[in-house]
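First chain written, first letter: the chains are A, B, C and D, and each begins at residue 1.
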């Protein structure tokens, strides 16, 4: 409060008390600070004080997420997808086509990515497309093909859910249900998925902060589903030479703030095939628990995301490359600071 | 294509033909350009050529929206909400509380904004909230209160739809159904709203380009609902002193590219009460067809968006202010260039 | 401080005292807040506490600008450029070509924009160009041509300074010295311009917050030059359909926080000729003190910024349009809230 | 061109020819494309065609950088700083304090970072500070201290140049001259540095695209200085939980497009001490040629950038950590796709 009257200050103090917080008043020469201490659920009433006379600014010191926080759950969580643990010692790679296009395309991709080391199979059945005139996915037929690919390869399957109405059907088929970036704050969908007995892969929205992403995950945990895996897939910035800006610091920060597993998607994160292997290695190095990679037997014929899909050889090469250090590091033996 | 072989060029030409476009090849000293001419629906196959050997870049020259475009519908569209025409000669102001909180709060606001000149009443029944612990709206009770406020004041009502499951119920009560910014690319919701006999208010997503926004509107028109009003509500940028960055050039650009009416929401667009009157005048001047303003009888007790809500006097003052020119303009009489 | 030990808290308190601030300690159940009260110049030592053990976050409550602030100078400042007052009752339009290209081009433009109502003439002599292979300006020859145009038309002239070495020479010719957006935080240049007896036009950087912009102005005032005009010219965002995103809320906010005059540049702000008239009207309505508009006798032959330059008729039309209200506003007579 | 007349098309063709390019005209049903083929230096005249009647859009297909491009120089360049090669087989770490504050502070840091494996010493003498009231650096005294530290440790030194006037003096002392992010497009400074017999470290601007960054480097090469090292230090985005968004895809992309060495600065890139080790490992993995890390003997007393400075132990730990793989990768032996 800047140049506030005694009456204005008293009013703010009264509101803080009504909201169930303890007020602490600090008086400077020009400004007065009223700190609200407590963990009440009436935070919004404090924010609304922005509107009270004499108030210059309301500043939040603490963060409103709880169940996803490391502060309440210091150990990292491991989420099992079928028999595959994500968030444990092993780095898990999910691979497969952007969209399921045909039996042959899917099975060819599934067999190949398994041989190369992928542990889960991805494939889109219901596709979120910017234009209504673009290919929208094969729907339930794609779900059946994914199940067939799982039966043959043993790879658990992940696919995107776009609508509350599809949740039940997709949960019958899929081992891991994906919330796409554009639905990260589709709260109706989050509430429906909180009640499902399947783990959820929650992509970060293209303009969501790390804290908003964690709050979206909080919807799932608070609604009853503790099995959530976070996926960084790039944010939207001014840079146009890459499709998005893959924010690897967000991976490290999400793991610092939360106990949930975090994977990275360099396919959407860069939108350029040539950059995917390098960013995959970087995601591993930054501490991600795994990757999600788009792989297509013939990217140039893909019905979606062709420019960012690897072909089968490209993915095999990426997997071999992941394990190899690239440079000489001049760390002196026994280096003491 | 840079340094491409004859074989690579021939392959690209063949794909262009298979996709139903006419190829035109232009050879420079280092690069070769293959232009694909036509209006086929296999645009995605052209984009996938990004993946073909020898291809440097695929550049889209035309835009994939059709029904929303001025090129096919040069005259501006007027959308009627109840008896109120939006997109015509009159500048229409929508006002009301962020959330419906009580009968008294809503009716007090409704009567007052009507007296001040508002033509539609807004009020949230189902609220998209970043945190699961914040107030989520009164739901159907709010819808009944809105209907009561309409009955008393005659103002048509607008409220947000967050889920396909709510579409039918909300369409029974509301005159205009709002798609919130975070749901702009909730394609399941757009498809459901395309089949409803009510006009739609489509907010721009916080990280959506103008063209993506128009393509979201294209989902509604292509699905059968021609009554769409666009609403610019600010985009997310690096600037934190305002909640969002109200992009008034997007209002002018959307009106240039499309025939649909466009309104502006300076409440969300700035997040600061003190800036709303100035930005409202600017929206009028830039050519918007109307405004959407959050008004609360007591902003400091609001359960949502208090800091950006005007009180009743503030809104009355804004409306008076809208009609007044602010400065002397030194345009010389008969000025010839 | 979250879960901090008594020793850690005592350490923070000691540092706050050493830095010349008064510590106030507030203890919650989990967190402890140490507020530092005072107006010392050792703010940086407080920020560095972020690094101390037990400290979760350091939050700044006050803003470090002083001389530019409305809090210390409530009345708006008027800056005189030659005989033209900027920041007073009159809305001032600056117009002219992006670059001075020839005597004929400049004089043709100058005479025409004067007839249409412009009060200052702009023209680039030294041009900041993204590519070293693009036209870099005519340099001192352009300054002489600008002076000739002033002699003939009576319009004071404004041109950009790119280097400390050029400050003296340009100050001999120009009435108003412009700091370009990319030099907003060229602190060596700001320090040199603080010592010049000429007013300064300070463009906002493409990724500068309003507060950083005001702090750049603070360099000029603190260094001895009180005659500063701010210019909003668009920020860089994800939107690519416009060259920049003209942030008109920043105009209103800068005028709220500071007493300095603020103008807008819709030419750079949009990069699209067709949008400039609408955004010019919006800038007037939002409370800007003036405009800066690129005008070229033949935009399609311009050596820089052709796509965003108006021709002479276009500018005349813009000026006539500025004075005219566009819509019917339904404000009821005697409307009481 | 959309719906253009024959006259309008003929005019565009004539301008393309006058600019020294070969026109190729492609006619669709609604649009006509005029492609300009050639490598003339009149690209700007083509861009200005945006302003010609009938023209819908001018799209650039090729990029205007030449000397920095991999297309003309396929082998990676190695830049020697003193006896240290950057861009070769070894991963080079630059470390030291943000600002030189005292002889003791600098020498303590220099000895320690050398023991831990750093190969160059950084230290600011002239500091770009957002506020005029913050510590601005010790100037030439800092340069002398840096030279003393080099004499003792053998580490070549790097420091920032903020002004053309300082170029000569700093070049006498420093082995590598840094252009700060806010000066990336200070073209007067780039021109001065192009004439200096010292290598240049060119930081990416906070809102510069990769291509603009490469064009800034092009100024240095075109002006006569081939010894340029690029440094990614984070871009400005909407995310506020990190100071900037470190764009590691930009490192990979810059190395793909250019032959110049590229290093990363995770200190500025994240602004959070806790994230720096993870992002350092990621930068190594993505293919960077080295790192630049802020290290201070006592970060909480630092006069600048305390929150992002590592202490001496923290840096030693980071260096040990760089060499170690973090996870089990399930790549099957002999995996064939």
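Here, contacts are C-beta pairs under 8 Å (C-beta built on N, C-alpha and C of every residue); 3 or more make two chains touch, one makes a residue touch a chain.
Because the structure is predicted, anything quoted here is derived from the model rather than measured.
Common neighbours of chain B and chain D, by the contact definition above: A, C. In this structure, the chain pairs A-B and A-D differ in their number of contacting C-beta pairs, and the larger number is found at A-D. With centres defined as mean CA coordinates, chain D is found 29 Å away from chain A. Shown for chain A are the residues in touch with two or more other chains, namely 207, 236-238, 240. Remark: chain D residues 89-93, 112, 115-117, 119, 207, 209-211, 235, 237-242, 245-250, 252-253, 256, 269-270, 272, 274-275, 278-279, 281-287, 312-313, 315-316, 319-320, 322-323, 325-332, 335-337 touch chain A in the complex. Within the complex formed with chain B, the residues of chain D that make contact are 2, 24, 26-31, 33, 35, 37-39, 57, 59, 61-62, 71, 236-238, 240. Chain C contributes residues 15, 41, 43-45, 47-52, 58, 64-66, 128-135, 162-166, 182-183, 185-189, 205-207, 212, 215, 218-219, 222-223, 236, 273, 299-304, 306-307, 309 to its touches with chain D in the complex.
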